[in-house]
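Reading through the structure tokens given below for one structure.
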Amino acid sequence: MEQPEQDVTVNPPLPKTATEPQMLPEQPAVQQPAPAPGEHVFDVDNVSCYYSAFRAVTDVSLAIHENEITAFIGPSGCGKTTVLRTLNRMNDLVPGARMEGDIRYRGASLYGKDVSPIAVRRRIGMVFQKPNPFPKSIYDNVAYGPRINGERSKRKLDEIVERSLRQAALWDEVKDRLNKSGLGLSGGQAQRLCIARTLAVEPDVVLMDEPCSALDPIATSAIEDLMRDIKSRYTIVIVTHNMQQATRVSDRTAFYSVLRNEESDTRTGVLVEYGPTEQIFHDPSDPRTQAYVTGQMG
Amino acid sequence: MAAITEPQLGPNLREAAGRRRTKNRIATVLMVISFVLVLIPLVFVLITVIAKGIKIMSWQFLTSPIPPQVLPANVGGIGPAVLGTIEIVALATALAVPLGILGAIYLNEYGGKGFLARLIGFFSDVMTGVPSIVMGLFIFSIWVLHFGFSGLAGALALGCLMLPVVIRSTDEMLKLVPNPLREGSYALGATKARVTMTVVLPTAIGGIVSGALLAVARAAGETAPLLFTILTVTTANPNVFSGPNTSIPSQIFANATSPYPGAQDRAWGAALTLIVIAFVLMIAARIITARFTRFSR
Amino acid sequence: MSTVTQQAGPAIPAGSAHPLAQRRPLGDRTFQIVALACGLLVLVILVLIAFSTTQQALPWFQAEGWKVFTNNWDPATNKFGALAFIYGTAITAAIALIMAVPVSVGIALLLTEVVPYRVARPIVYVIDLLAVVPSVVWGLWGILVFAPWIGKIYSSVGSAVHGIPVLGALFGPPTSGASFMTAGIILAFMITPIVTSLSREVIATVPTIDKEGAYALGATRLEMIQGAVWPHSKGGITGAVLLGLGRAMGETIAVALVIGSSATITSHLFAPGDSMPAVIANQFGEASGVFRAALIGLGVLLFVFTIIINIIARTIVGGAQEQGSA
């Protein structure tokens, strides 16, 4: 896949003697929300999601901004993962799943009549909660995406694999055992492998569904560093139940909660508040947000 | 399933009352006897086949032409039958395994819980119970009457026997592939066909091959479907697509009722060959299952 | 990777080779169709079997009508009443079931309730070995080794019960090594693996809670089996038995070699007889015309019987497994 702006983007040439890839200038510890650039990456417009008759999430509207990390937080069952999966049409794979409303990706509807979910997912990648490396070699795991996109040249694939593994901060640990099975990695390494795999196809957006919840704190920290490092090149949306993580990495935060319908005894997710992370955590407008972020509500 | 340890003490902290205990002991003994009852004939058959077959076994035996039945054991062998079995079973496998795998892919990846998939799955199981002789009569009616006897006809009959077995065992293996692997592939922008061929199938391939080997072992030992399809002859026929043929089980059947000791000895040798083939395939299937079926961390 | 040079524009970020709008790839659709076709093959084959064999057997049905169910088989005079073979199939299958079912269920219980895992594995290997012995090898051993040996036992038993009312009719002379009983015994060996393994699967679905509940009340293992395992499994085990029946009915070569090939109906179990698949196997070579149609017709009957039995059995076993896991 040729990237015309290759030379323009801040993409370090593969250093020959580097010990660590020097990615970007350091990020401050607390994320300052960047001023919104011209175009939104996603415009979520009155979206409600149903699984058969069950309404999982109701009336969500928000905009995801370029090169930011947006966090979805909230209690269990509030639909944050459901909303995340609508962004790359993964819910299409669930029998009975249905969506009302619209989601626009860079101005054009993601769910338009002619839109191919395959093409959508090539642009909007996803990292899952539990690392799911393929039972293939590490190399083949990372090369999988480019290969199904038609890349055949061994030299190119080698480049892509190395670049992706470096971006995922995994290269040094695995460079000598690229043909060992991906299943043999530890949890944190496996998740970074999955991230490398996602980055290998050079997506526009990376969605992350609680990527650290199955990992120990050290692995978690490595992944958070990774997210900060790649932020300048990707737009990231992350679902997390760890509020501290949201404050550590995200620029904007969306807080979801559960609405209980007394008569039908059902629960539906709603978007309560969405704004710069600083504001959500220190000066929320909605009392429910306040209750959640101060730990009064589970 | 692991046995639950039997409690030794009754409510009064003594052993269960005498009569109950005795009945229990008798039951256990009966269960063990059941196993022994089954072990005995197996051992006898194996010992007889090995003992009688080994006397005649040799490379010459496996490759020499089939002599007239009256000739003694040291003359000739079962060469044409070995050739026939190899080519007919290979052809049957080439037909049944890919079709069976694709059928299982339909059941598991596309059909899911839909009515058609459940119907096909159900009748796949039913089809495993169709007697092998019926398959032979079927191919006779639909093929041999038009195209004559041939190894191909035999392969079609064996293939019909193998198909449902391969579908079932492949389906079981595909079910075991964890869904997160599929999701990971979809998330990278793969089509369903790609997901299936590049992630699901390679992951399950160990179990699939193992199941296929067991189907091959069964097919190699079948006689009845070949009776009306290959028209057992005694000359070697390297062309599996035309002309009558023979196979190892066919020769055993032909020789078993022969009064001549030479023919009977050759039957034992052929039986030993068949058993060895079946065992080797079974062990290979076991090894493959043990070493190549790890799906996740 | 498309951050710096972002143009305001349509949905396609600069630099990507694939338009967002795309038809479903042709290869994907084709693959699905091919897979579906292979699945349908099963149904197609079953239907074809029914049609083609029935068509070939029509001359027989037309010639004999309902007389196919009479005991009057004489190819030389063009008589093809097949009752003897139906009888033979039924009797040998019954003998096989009577012997195999208690043994199989016993082994299944042994494996699931009695022995620890390490001992269970070699036992399962033995059962698998039993399953992999080809029918023709059972037949070879049966006719050359087993039948002569057991024929002597039949003689002794036969002379011993000669004249006694019921026993004499069942086990009295004339006796022969190749007989209904021998075929039934060999069939029992052959169907044990399938009945055992299916029974094991069924018993494995009994909820552990029920078993532990029985033990907690101080039950012995036998009592636990009677109280907790049996009620849950009896449906599924019935299904397993039916599958064994189907297998026993359809078994051809081993039976053809040891049953004695005599188209007679008799209560003497130690006497030679014949069965549907056996007579097809033994006489097809010389048959033509109505004779051949008759043999194929026997195949049709066999097909119908076994399909029905298998449908019933699979429905029961499927239901039992669903219940167990519910």
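Going by the order they are written in, the chains are A, B and C; count residues from 1 in each one.
Keep in mind that, in the parts below, a contact is a pair of C-beta atoms (placed from the backbone, for glycine too) under 8 Å apart; a residue touches a chain by one contact, two chains touch by 3 or more.
Remember, it's a predicted structure, so these values are computed and weren't measured experimentally.
Trainee: Shared touching chains for subunit A and subunit C?
Mentor: B
Trainee: Comparing A-B against B-C, which pair counts more contacting C-beta pairs?
Mentor: Output for the comparison: B-C.
Trainee: So, comparing C-alpha centroids, which chain is the farthest one from subunit B?
Mentor: Chain A.
Trainee: Which whole number of Å gives the spacing of the CA centres of subunit A and subunit C?
Mentor: Using C-alpha averages as centres, the distance is 54 Å.
Trainee: Cα centroid separation between subunit B and subunit C, in whole Å?
Mentor: 14
Trainee: Distance between subunit A and subunit B based on Cα centroids, please, to the nearest Å.
Mentor: Comparing mean C-alpha positions, subunit B is 48 Å from subunit A.
Trainee: So which bits of subunit B are touching at least two other chains?
Mentor: Where subunit B meets two or more other chains at a single residue, that happens at 191, 194.
Trainee: Where in subunit C do residues touch two or more other chains at once?
Mentor: Answer for subunit C, listing residues that touch two or more other chains: 24-25.
Trainee: Which subunit A residues reach two or more other chains?
Mentor: Counting only residues that touch two or more other chains, subunit A contributes 118-120, 122-123.
Trainee: Which of the residues in subunit C end up touching subunit B in this complex?
Mentor: Interface residues on the subunit C side: 24-25, 27-28, 31-32, 34-43, 45-46, 48-49, 52-53, 55-56, 102-104, 106-107, 109-117, 123, 126-130, 132-141, 143-145, 189, 192, 200, 203-204, 208, 211-212, 215, 218, 220-223, 225, 243, 246-247, 249-253, 257, 277, 280-281, 284, 296, 299, 302-303, 306-307, 309-311, 313-314, 318.
Trainee: Which residues of subunit B touch subunit A in the complex?
Mentor: For this pair, the touching residues of subunit B are 112, 178, 180-181, 183-191, 194, 198-199, 202-203, 294-297.
Trainee: Note which residues of subunit A are touching subunit B in the complex, please.
Mentor: 88, 90, 93, 95, 118-123, 125-126, 128, 130-136, 144-145, 148-149, 183-185, 187, 190, 194, 197-198, 201
Trainee: Touching residues of subunit B toward subunit C in the complex: what are they?
Mentor: By the definition above, subunit B touches subunit C via 1-4, 6-7, 9-11, 16, 20-21, 23-24, 27-28, 30-35, 37-39, 41-42, 44-46, 48-49, 99-100, 102-103, 105-107, 109-111, 116-117, 119-120, 122-127, 129-135, 137-138, 140-142, 145, 160, 163-164, 167, 191-194, 196-197, 217-218, 220-224, 227-228, 249, 252-253, 256-257, 264, 267-268, 271, 274-275, 278-279, 282.
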